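Next come two complexes, and both contain chain A; in the first it sits with chain B, in the second with chain C.
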Partner chain A sequence: MIKATRKPLEEISSSVKGYGRILVLGCGGCTSVCLAGGQRESLELADDLAQVARAGGSTQHQSSATVERQCNPVFLAEISGRIADCDCVLSTACGAGVQNLSDAFPALPVFPALDTLFIGVDIDVGLYEERCRHCASCMLAYTGGICPVTRCAKSLFNGPCGGTRVDGGCEVGEGKSCAWLEIHDRLKAQGRLDSILSLRPPMDWVDRGPATLVQVGYEGRYTAAKVAAP
Partner chain B sequence: MKTTATKAAPVNAEVLDLVRRRRKLVKLSLGACAHCALCAESCFKYRNSGQDPTYTPSYKAINTIGKIVKRRGRLSPGEYEKVRELAFDKCVLCMRCRCPVGVDLPYLISLARSACREVGIERGYLEGKNA
Partner chain C sequence: MKSGSNLEKVLEAGHFAVTGEIGPPTGPDIEAVHRKAESLRGVVDAINVTDSQSAMVRMSSMSVSAIIVQAGLEPIMQMTCRDRNRIAMQADILGAVGLGIRNLTCISGDHQSLGNQKGAKKVFDLDSMQLLAVVRRMRDERRILGGEEDFPAGAPLYLGAAASPFTRPLDFQALRLAKKIEAGADYVQTQCVYDIGMFEDWMASVRELGLHKKCRILAGVMPLKSAGMARHMAANLPGIVIPASVIERLAAAPKGKGGEVGLAICAETIQRLRAIEGLSGIHVMAIEWEHRIREIVETAGLLPRPLV
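Our next item is the complex of A and B:
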C-alpha cells in the first residue's frame, strides 16, 4: 500500500494560516493503514492545530471528518455538506487523494497534510519499507522477487556495482544490504541463476506524463473520448 | 427467562443527520434486495471464509446501515461493535460485490462505516486490535 508521513506541524499550520474554518479530512484507505492519515490521525491533527491557533491568539476553528477513500469520487459525495461549512480543507490522504478532492471541489482550497513517500510493506506496527517504485516494467520474475529498481541504491538492472561490502552490505551504508547479492543468493537457492545471466535492456525512463489505465476486459466500456491514451 | 436489556447510547447528531439524509435510499435499496445471495459469489471474503453467511454483502448491508437506519442510530455500544465487525473487519470495501437487482452494496456499507466513524468507531491498525 501507499505509505505517507505527516508534514511538520509548522508547515501545515502555515498553509492554513488566514482561514477561519478548517476541515481536517482523514482518509480510510492507505494512509489510515500506515497510521498517518486515518480517523485517529486527523483528529490528532485538528487538536494540534487548535493548540497552535490558541497559542497564537487566533479564532480559527478546526473540525475533523473521515471518508473511506479520498481517491474515489463516490465517497467524496458524502462529505459535501461539511465541505460547504468550511473555508479550506486539510487532507490527510496521499497525493492522489488530495488531487481528487481538489478536482471534486475546485472552488475550495485544499492543502496536503502528508508527504506521500512510497509503495511499501508493513514490517511491524508503524514500521514500513519501500518495495515498489511503480516503474511500469516489472522485473521481479527474473530477480527472484527482489526489486533492483527499489532496493538497489543505484537501481541497477544487470548485477551489482563495485560497492558491495565484504559483509554483503551496500556501500551507501545505513544498514542496507546489497540487493543484487540478495537476488543472486535467492536465485541460487532456487536453482534459477540462469535468469540473471542474460542482459536486460535499460528501463525506458522517458516521462510519459500522467498515465491512465483501462484494465483488460474493460476497453469497450470507455470510449476514446472519455479516456485519453497514456 | 430473564433478559438484560442493552442500553442504547445517546444518539449522535451526525449519525442522525446521516440517517435523515439517506433513509429513503437505504430503505429503497434494502427493500429491493431479493435475498438471492448472488452477491456472495462476488465477495472474496465470503469465498475465503468457508462460505460463512455473515460475509454475504447483503447480510453486511442489512445488519449495518439497515439496522442503523431502522433504529435511527439508537444502537448500544455493543451493537455498534457488531456493526464495526461487519463493516470493517468482514469487508475491505473493494467495491466488487455485484447485485443483479442493482443495489449499490458498497455504498451502503460505506454509509455504515461513516456512521461508525461518527461515534468514534473505526478499524484499528495497532497490533491488529481496534484502536
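Our next item is the complex of A and C:
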C-alpha cells in the first residue's frame, strides 16, 4: 500500500493559519494502515492544532472526520455536509486523496497534512519499506522478485554497479543493502542465474503525463461514454 | 579500426597499454587542466577524464576532453548515467565525436547522495550497459537508439567500461564483464588492484570465459600515500581490498616517506600485473598526484610509450 508520514506540525499549522473552521479529514485507506492519517491520527492532529491555536490566542476551531477512502468520489460525497460547515480542509490522505478531495470541492481550500512517501510493505508495526515504483512495465519476473528500479539506489537493469560493500551494503550507506547482490544470490539459489545474464534493453518509462487506466473488461463502457460525450 | 584512437592502436598492436587519469577542476580553471594534462604527455597512451566523480560538481568531462584534444593529447571521456537522460547522452556523444574525442568509457556514476548536490534528482535513464549498447549502435550502425535513419558520417569511438574484480558478488564479476562485452565494451579498466592474488583469481575466471580475447583488460592501480589513507580506503571505499602486508609496509615507512613507499609498491604491482596472462595494460589513477604518474610508469619500465 501507499506509505505516508505526517508533515511537521509547524508546516501544517502555517498552511491553515487564518482559517476559522478547519476540518481534519482522515482517510480509512492506506494512510490509516500505515498509522499516518486514519481516524486516530486525524483526531490527534485536530488536537495538536487546537493546542497551537490556543497557545497563539487564536479562536480557530478544529474538528475531524474520517471517510472510507479519499481516492473515491463516492466516499467523499458522504461528507459534503461537514464540508459545507468548514473554511478549509486538512487532508490526511495520500497525494492522490488530497487531489481527489480538491477536485470534488473545487471552491474549498484543501491542504495536505502528510508527505506521501512510497508504495511499500509492512515490515512490522510502524515500520515500512519501499518496494514498488509502478514503472508500468514490471521487471520482477527476471530479477527473482526483487525490484531493481526501487531497491537499487541507481535503478540499474543489468546487474550491480561497483559500489557494493563487503558487508552487502549499498554505496549510499544508511543501512541499505545492495539489491543486485540480493537478486544474484536469490536467482543463484533457485538455479535461475541465466535470467540476468542477457542484456536488458533500455526501459520504456511510459512518462507521458498523468496515466489513465481502463481496466480489462471495461473498455466498452468508457469508450462508449467518450463517444456519447459532446 | 573502430575509432583510430591512439589507445586502440596501442592495444590492437599488442603493446601493454598505459592510461592515466585526471580529475577536472571544481572551478573554471583551464590552467589546472593544462598543467595536469601536460604532466602526462609522453607518459600514457590516453588520459581518462572523470565525469563529476564522487558526484561533486566539476568542469564537464566533455569540455576537459576537448581541451585535451586541442592540446594534442588523447582523452578518454567518461560518461556517467547519473546526470543525463538518453536524449542528452546521445546528443553529447555526437558532440564529443565532433570535438575529436575518440575514446568513451561508460559508467554508472557515483550516487548523487555521496557528493555536494545531495538533493539532485538522479537520472539513470540508461544503465552503463545500455549506454554501451546505444553507443555501439551509433558507431556500427550509424543510428541513434530507435532511429531508422543512418548518420552520413560515423561515430568512431573506442568503447570502454569499468570492471570490479573485488566487489561482491565476486563470482558474478566475470559474468558481468561478459555482459559488458556483449553490450559493446572494447576495453575495461578495473578498480584499483592491491590484492594481486585476488586479481589473479578474477583473471582466471575471465580467461575461462575467453573474455580476454574479446576485450582489452587494463588493471587499475593507484599509489597509496600513507597507511592511514590505505586503512581509510579499505574501510570506506567499496571494491577496494588492501592486504595487511601492504598497509604494514606503509606503516613501517619513516615519517613523511609513506608516499615514496606507496609509489614503490605501485610500480612493483604493475610489474607483477604485467606477468598475468590476458592483461593488456594498466590504468594509473593518482588523485591530485598526476605529476607523479611519470615516475610510476618509468619505474615500472613502461617508458617510452610506443608510437603507433
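General remarks:
Please note the rule applied: the second predicted complex is superposed on the first by the 221 of 230 C-alpha atoms of A that agree within 3 Å, B and C clash if a C-alpha of one lies under 4 Å from a C-alpha of the other, contacts with A are read in each partner's own complex, and residues count from 1 in each chain.
Note that contacts are C-beta pairs under 8 Å (C-beta built on N, C-alpha and C of every residue); 3 or more make two chains touch, one makes a residue touch a chain.
Note that the structure is predicted; figures quoted are calculated from it, not measured.
Superposition of the two structures on chain A leaves chain B and chain C fitting side by side, clash-free. In the superposed pair of complexes, A:40 makes contact with chain B only, with no contact to chain C.
Once the two complexes are overlaid on the shared chain, A:216 sits clear of chain B and of chain C alike. When the two structures are aligned on the shared chain, A:181 is found in touch with chain C, with no touch to chain B. With both structures placed on the common chain, the touch criterion links A:32 to chain B but leaves chain C unconnected. Legend: residue contacts after superposition of the two complexes on their common chain; A:168 is shown touching chain C, with no touch to chain B.
By the document's definition of touching, neither partner reaches A:107: not chain B, not chain C.
Of the two partner chains, neither chain B nor chain C is touched by A:206. More residues of chain A are in touch with C than with the other of chain B and chain C. When the two complexes are laid on top of each other via chain A, the two nearest Cα atoms from chain B and chain C are 34 angstrom apart.
Looking at the complex, you find that chain A touches chain B at residues 28, 32-33, 35, 38-40, 65-69, 72, 74-75, 78, 81, 125.
Those residues of chain B that touch chain A in the shared complex are 17, 21, 93, 95, 106-107, 110-111, 113-114, 117, 122-123, 125-127, 131.
Contact residues on chain C toward chain A in their complex (touch as defined above): 81-82, 86, 108-111, 113-114, 122, 124-130, 133-134, 145, 162, 164, 167-169, 172, 175-176, 178-179, 182-183, 191, 238-239.
Those residues of chain A that touch chain C in the shared complex are 153-166, 168, 171-172, 178, 181, 184-185, 193, 197-203, 205.
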